[in-house]
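Multiple structures follow.
There are two complexes below, and they share chain A, which is joined by chain B in the first and by chain C in the second.
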Partner chain A sequence: MAIESEVLVIGGGLAGLTSALSAARTGEDVRLVSYKQSTLRSASGLVDVLGYTPDGDGPLTDPFEAIPDLPETHPYRTVGIKAIRDGLDLFDDAVPHYHGGHTDRNALLPTHGGTIKPTARYPASASAGLASDTRDLLLVGLESMTEFDAPHAAAHLDAAGVPFDVRGVTIQFPGDLRADAKVTRYAKLLDTNGEVTVRGRDRPVREALAARVNTELDEEERVGFPAVLGDEHPGAVRADLADRLGADVFEVPMGPPSLPGLRLEDALFAALDEAGASIETGNPVVDFDGEDRIERVYIEKNGAEIPNTAEEYVLATGGLVGKGVQSDREGVYEPIFDCHVAHPADRYDWFENEVFGDHTFARFGVETDDDLRPLDGGGDVEFANLRAAGAVLGGYDLAAEKSGSGVSIATGYAAGHSAGQEAV
Partner chain B sequence: MSDADQPTETDGEFNPAAPNTGEEFEPVDVFPDSDDFDLRPGSDSCYKCSTCDTNCPVAEVDDEFPGPKFQGPEQWRLKQRDDEHEIDDSVMDCSNCMRCDNACPAGVPLSQMHNTARGEYVSEQMDTWSIEYWRNRILSNYRTSAWLASKLPRLANVVMNFGPARWVMEKTMGVTKEREFPAFATETFREWWARQGGADASRQRARANRERRGEPVDADKKVAYFHGCYSNYNTTEVGKAMVRVFEQFGYEVVVPKQKCSGTPMFANGMLDDARRHAEVNVSSMRDLVDQGYDAIASCTSCSMALRQEYPELFDIPGIDDVAANTFESLEYLRIHEDLRGELAEVEVDGELAEEFAYHAPCHARNQGLERQALELFRDVDGVGIEDVGESCSGISGTYGWKAEKYEKSMEIGEEMFEHMAEAEGETGMTECPTCAMQMEHGTGYDIRHPLELLEAALVDGDGL
Partner chain C sequence: MASAPHIAVIGGGSTGIGIARDLSMRGLDVTLVEQGNLTHGTTGRMHGLLHSGGRYAVADQASATECIEENRVLREIASHCVEMTGGLFVKRPEDTEEYFQEKLAGCAECGIPAEVVSREQARAVEPHLAKDIDKAITVPDGAIDPFRLVVANAASAMEHGARIETHTTVTDLLVEEGEVVGIEVEHDSGSGKRVHGTEGGREEIRADYVVNATGAWAGRIGEMADVDIEVRPSKGVMTIMNVRQVDTVINRCRPKGDADIIVPHETTAILGTTDEEVEDPAEYPEEQWEVDLMIDELKELVPMLEEARTIRSFWGVRPLYEPPDVGSDDPTDITRDYFLLDHETRDDLPGMTSIVGGKFTTYRMMGEEISDHVCNQFGIDADCRTADVPLPGSEDFSLLRDYMDEFGLRSPIGRRSVERLGSRAEEVLKTTDPNPVVCNCEGVTRAEIQDAIEQSGSDLNAVRIRTRASMGNCQGGFCCHRMANELHGEYDEAVARQAWDELLAERWKGQRHALWGEQLSQAMLNYALHATTQNRDNDPADGEPVDFAAFDAGSTPAQSSGESGVAADGGTEHGD
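Let's look at the complex of A and B:
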């Protein structure tokens, strides 16, 4: 026997979640397995479609205008504009607290480094921070969170010529938190509005935080904090602070570990649960049976290999960072099914000397047919019932183009939809 | 690179495009093969993403606790640097929920690092004459207390919850008086099992059930039950349900000699105690595994210990075989039987026809089991089940029993209590006995084990 489903999705990131959701909504019995917790915990929570062309032109105003000119090997060209739009529709439906779906055009959002990032979707928590908004802005950093230097970020934004006045201040977060307190500690305190001690007096933390910011606030109509404003109840935290400050409150997306990413993860898993899928995290898929078709895969648990069977499979294990594509001194490979990954034989041809050079490795990944089925070295389909989605795909440089989320959503949608149709 | 030779730089400038590291240098062989628990590769794999820290229920409420990334890879590295470096005493504030393991994208063995650091702290830095040491030792040797109590269970139930006695226990030992001690069963599971005729009778019942199910009478279906302390001394109904459900599916059950899984001992750094118990457990399970039995636990912390903590911490003959052949009860049936199909055919009535507020124990998460009860029972007629969220219950075995941790334990549990109150059901469900204690303590709900519901759904009323 084995643990059975109709569609089995391997990978719990944005591509895997979108695939599973898309397949589940075709009415199939879907199971998602992920080695570890979703990589969305490391994501900013901003969902990009295309910020720059492969040649570095941008920021792009309208990603959809640029997509037809992308190289033919690009995953967007494989799935086509309609799949991108359908994928985004699925995302918008599943994650109602996201904005940006009203237009094709990119939104511009300030990052924690003070740059402006073009992005297609952004969480409600970031929406008052839009760089196209002309209201004056105060950025508030926390002494203990050195990764967000608010005065520095403000100076950067100012130098970029944003259409508003921006100032940054650094305050001490009220209460006796550790210098290395976790983002979840701030979030929990703010969620519960817990008591903190300020000059010997116990006060609710939101009140105490607002009091500190109020002494710095000077007519600005919006205030940005690092993204720690609640985990369970972020909307209530922002609303309460906004009320006390008399200004809109937003979060500046941060690096990992990221609460906006965590909230996005929660929302997508909740949608998947709602769609009736089964989910398992914590153990890796290590092996499979099958020649032309995948018959079963094995999940490893402390030396035991648990068989899982399905009719259709989706490979959404990530790229070089997510370990869906791996390399050693001998070559580059896809570790579960050993799907072909094209790469130069000499590993010194995998990269450029410049740190931000046009690295070949950035495009490593599996090549597919039009139905996202990985191809072997001879151009034939590896397995009739295996599709690939997200960063395991080759042919695009997600970091340079700012297209990682969009490709995951579009190919995840297409692979899941196709797997679901096929499994019927 | 401290253990390795520095690369030789031929022209004083490092050029990544032209290998100039010298012929002697082979960077893939920096770590010599080692038979002991060398945690260096794990420590070096940590790229500081801090995802583990976002999973730590203690760091979320405790301003003294530096979190798993410090306790694991960072502390390990500090220790290598300076022989004088002592283990930070905050390692004792880790509740050993092991959620960080499941979090790490780089596969750093965080809980193994915490367990070894805590063991070293307790054996080398903790005052073995201190009250804290003995309090922890008594708490972690729950099996001994439970064994004593089981001799006179009714008396124990009264004495252990006698107010003045509990006040004295808190003042002298630091065991919180806020919690109710669990009730001891008047007949232990093992006594009941012997009264049922033990393994021989189980074989007969299993054969009869195989025949009824149309399976080969001699089918190789046999399991060894690791009941753990709690199902034996306290919630014996869970152990009985395990036996009835497995026999119903045609499995012969044996109940081998066993001691504590070691879970509370790991959490308190009592590794010598844990090893003594582990040796007994591995020895009896190993022989059975050799004979084709699989080991089944009904407590997710017990299965966690046998599967992961034993091979990570001890070198006992047969330990890897036992780990690879240990399963949680529902998990095992899910793999080997058409559990969903069978449940689709039935309707639950009677006492357990309820709406359940289900909490997944942290140790179940780590085995990938956090959704199995939900996914199994959500479509069963006559019952409802709702997940009360991903927060930790906060008790973490002995953690919430310590007077100085009680408040934090309840603060961690608050999110779960709220979700339980919001859930439709007023009966709780979980696999972990101490999570069950916390759920009951925070809400007053009755808490059941998934095996009990499986028994109600699938086993005929007359059963054993």
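Let's look at the complex of A and C:
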């Protein structure tokens, strides 16, 4: 017997989760299946909509103003401004602790590399770090964390012309953590406010950490740490530290594994669970039946292929990073349904010689009709009941534009909504 | 002699650095200049094979004999640069028995230990060899790290008083009364260690003798004094795999040809190569067919290469030379032997000798011969000691010591650090400060990076070749910024940013030839990390001023300290 649902979403990243939420809110019976860890754990946790135009103009203060001028093949043009706004509303509703939602304007936030970047939504943990805020700032790095060097980042922010004084200091994290301790190790210790031994005396870690920072603090009103401030209880960790420091406390988003990204993933899964969707993780979709419509897909589980059927399907398997788009020496393809992925025949035309050149590979993905249904090489719909969302879509360079999260949310919303309506 | 003659050596590849070490050990005063990093030209772009001589045992027995001699010397003096993997010459059914027998006989004639092994025996050693091979010959091939070897030679030369200037380009030869009396150079960034942004400048380096050891670039130097040195540069591709598919050097047992060798190198395996004459050693096409050829030919020996992941490809230029009267059409026919061109006897220009041709494996022997020649010019009778005195890092070195506990490093990081550092491990790794890992793919810790920075200034590519940091699977995606972080403190932010950009550009160069499958996925991840998370592609520090006030000021601007965190999370423990 096949496992049945009305809408089946394949992929558990930002686009898949948004699709499933969106479909569930139309009242349909939704099932989400995901295989590998999503790319959210590699992402900073900031939710960008559009920071730069494809021509590199920016940082944009208002992404919505620039969207109508994007190329027609851009996913934002496919779904339109209204879907982008509705998608963001859905996101704001599902993840209420994200900030930056009250205007159309982008915010500027410091990065762990010492630059600033434009983004549309940011977690509460990052909010005191806004680069447009004029209050002086102290960055605190940890001696054994090579990922973030606070004095270096501070000097870099200064070179970027930020409108406040910024200093960086490096301290040793209290206690006896190994030199290559994982970020989750710091976070858990802070969550539980565990005891650490400092000069022969046991003290709660937050108190010991604040004591070290206090000796460095010079009237700065806000203090930034690498993003390790709690996994389960980040709000409490920040509040406690802020209280002890007499300054606002924030996290600087970092590279993988990214706690803000993981927290966002947890929050979205919780929202989806609450919306009543069924969720299966850890097993890949390996095959399907169907010609013009997808009849069923097969999910491999413990060596068996389990059929899953639905009225409507959403493909949200990611791009090159998430392996929703794959390649070999001969070409580029979509591995589950073999949807058409346009690409130059010569693989030496896939990239530019400059490291940050206008890389063709960054725009690899499926092309769709206005309803996000993938098109074959001749421009016809591949399957009447398959929609695509997120990085599996082509036609945009998420890295250069800083548009990855926004496209996933907007197209996820639109694909899920449309699938939910169609399934009725 | 009252004071030692001063010798200027041009070229910081294996040959030049070998000459500098030899001459300085003999008590001469040496200045070596190199236009890029050490190994910048051909040396840093080879497949890392320590020849047994087996490859030349049929066609070029003189070279083969030199190779086996030097192979034995390097195992002794450079043990921390050499991994004795052993090598196999593998015969496939379509390769002739006649050549197989010639190879075997040739090895015997040249004193290269060689034995025939059956298909089963060969596959027991290397299980990924193709099932249908016939048999193989074992030879004492090995793997050698050219970067580490050259850096160790440079360290030894400096210990003996040599001055070594990298990022220093020769702009002219000083010729007075028909004799070469020195060189004129342009320093990119001051003399000594390279520091970005430091003003460079011209310098006249007067010398009693000049040695031109610039390999494929020898003709350029010759032109400065109107002498012809007709080096015939020939390019070859090397394709790097993400893991070691083989732990033994695998050669195809057939007459010379393209794509016939796989060398295990550190964490990777290197496929080689092609042989195509080029006009300009610095500017030549790097082509897709060459990369494809490596995979398509070598999968005949190791079938899993067809689906395996490559992380980058690079090209090297052989400094081939043949006396003008030979006139080979095909670069593969040109001898791999080396030639000492004394411009006094050859061109009536005293004061300079060029050394051209030759092979990496015999770099020390070339250095010895030219050092003898230089000493002869001054009537100096000093013995060569380079074959007897171990290089720094290879002194009293025993892997049996348990360095991991001693330096608080976990396996395999400790083991790998110690393998790279050899007998310098204690000096470099003994630190009371936290010593976290900077490059995870290659297991390189802060202490090793800091040691390399101390040696090479703000140049992260020089740090890279000393440590292997950023040379693993992620190709710097996760560690370029961490390496730049390590520069800061000693160097200011603008310097670190420039070095960071340079490293990103260099890492991208080779990856371009590996952009499909897993590595294209990796490249996109790297691009997203660098451009999205770090916004390095639109760094406001490099661009136009930003109007900060025009941007969103936040939905819940913090009013007073301590409250914003709680309020933002709605007073719950969860927050984000």
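Descriptive notes on the structure:
Please note the rule applied: the second predicted complex is superposed on the first by the 423 of 424 C-alpha atoms of A that agree within 3 Å, B and C clash if a C-alpha of one lies under 4 Å from a C-alpha of the other, contacts with A are read in each partner's own complex, and residues count from 1 in each chain.
Assume a residue touches a chain if its C-beta (ideal position, glycine included) is under 8 Å from a C-beta of that chain, and two chains touch if they have at least 3 such contacts.
Source: prediction; values computed, not measured.
Of the two partner chains placed around the shared chain by superposition, chain B and chain C are both touched by A:180.
By the touch criterion defined above, A:307 lies against chain B but remains apart from chain C after alignment on the C-alpha atoms of chain A. In the superposed pair of complexes, A:204 makes contact with neither chain B nor chain C.
Chain A has more of its residues touched by C than by the other of chain B and chain C.
When both complexes are overlaid on chain A, the residue A:329 reaches chain B and chain C alike. By the touch criterion defined above, A:281 lies against chain B but remains apart from chain C after alignment on the C-alpha atoms of chain A. Once the two complexes are overlaid on the shared chain, A:351 sits against chain B and chain C alike. In the superposed pair of complexes, A:232 makes contact with chain B and with chain C alike. Of the two partner chains placed by superposition, chain B and chain C are both touched by A:42. Comparing the two interfaces of chain A, the one with chain B and the one with chain C have residues 42, 180, 232, 256, 323, 328-329, 348, 351, 353 in common. The touching residues of chain A, when paired with chain B in their complex, are 1-3, 33, 36-37, 39, 41-42, 175-178, 180-185, 188, 192, 232, 256-257, 262, 273, 278-283, 299, 301-304, 306-307, 322-323, 328-329, 348, 351, 353.
Against chain A, in their complex, chain C makes its touches with residues 288, 292, 295, 408, 410, 433-438, 446, 478, 481-482, 484-486, 488-489, 492-494, 496-497, 504-505, 507-508, 512, 515-517, 520-521, 523-525, 527-541, 545-558, 561-566, 568-570, 572-576.
The touching residues of chain B, counted against chain A in their complex, run 15-19, 28, 49-51, 53-56, 59-61, 63-64, 66-67, 70, 102-105, 107, 307-308, 311, 320-321, 323-327, 334-338, 365-368, 370-371, 375, 387, 414-415.
Residues 42-45, 48, 51-52, 56, 58-59, 61, 95-103, 105-108, 111-118, 123-125, 127-128, 130-133, 143-149, 151-152, 155-156, 158-163, 172, 179-180, 221-222, 230, 232-236, 238-239, 242-243, 245-249, 253-256, 260, 263-264, 267, 319-321, 323, 326-329, 346-348, 350-351, 353-356, 359, 361-362, 398-400, 402, 404 of chain A are the ones that touch chain C when the two sit in their complex.
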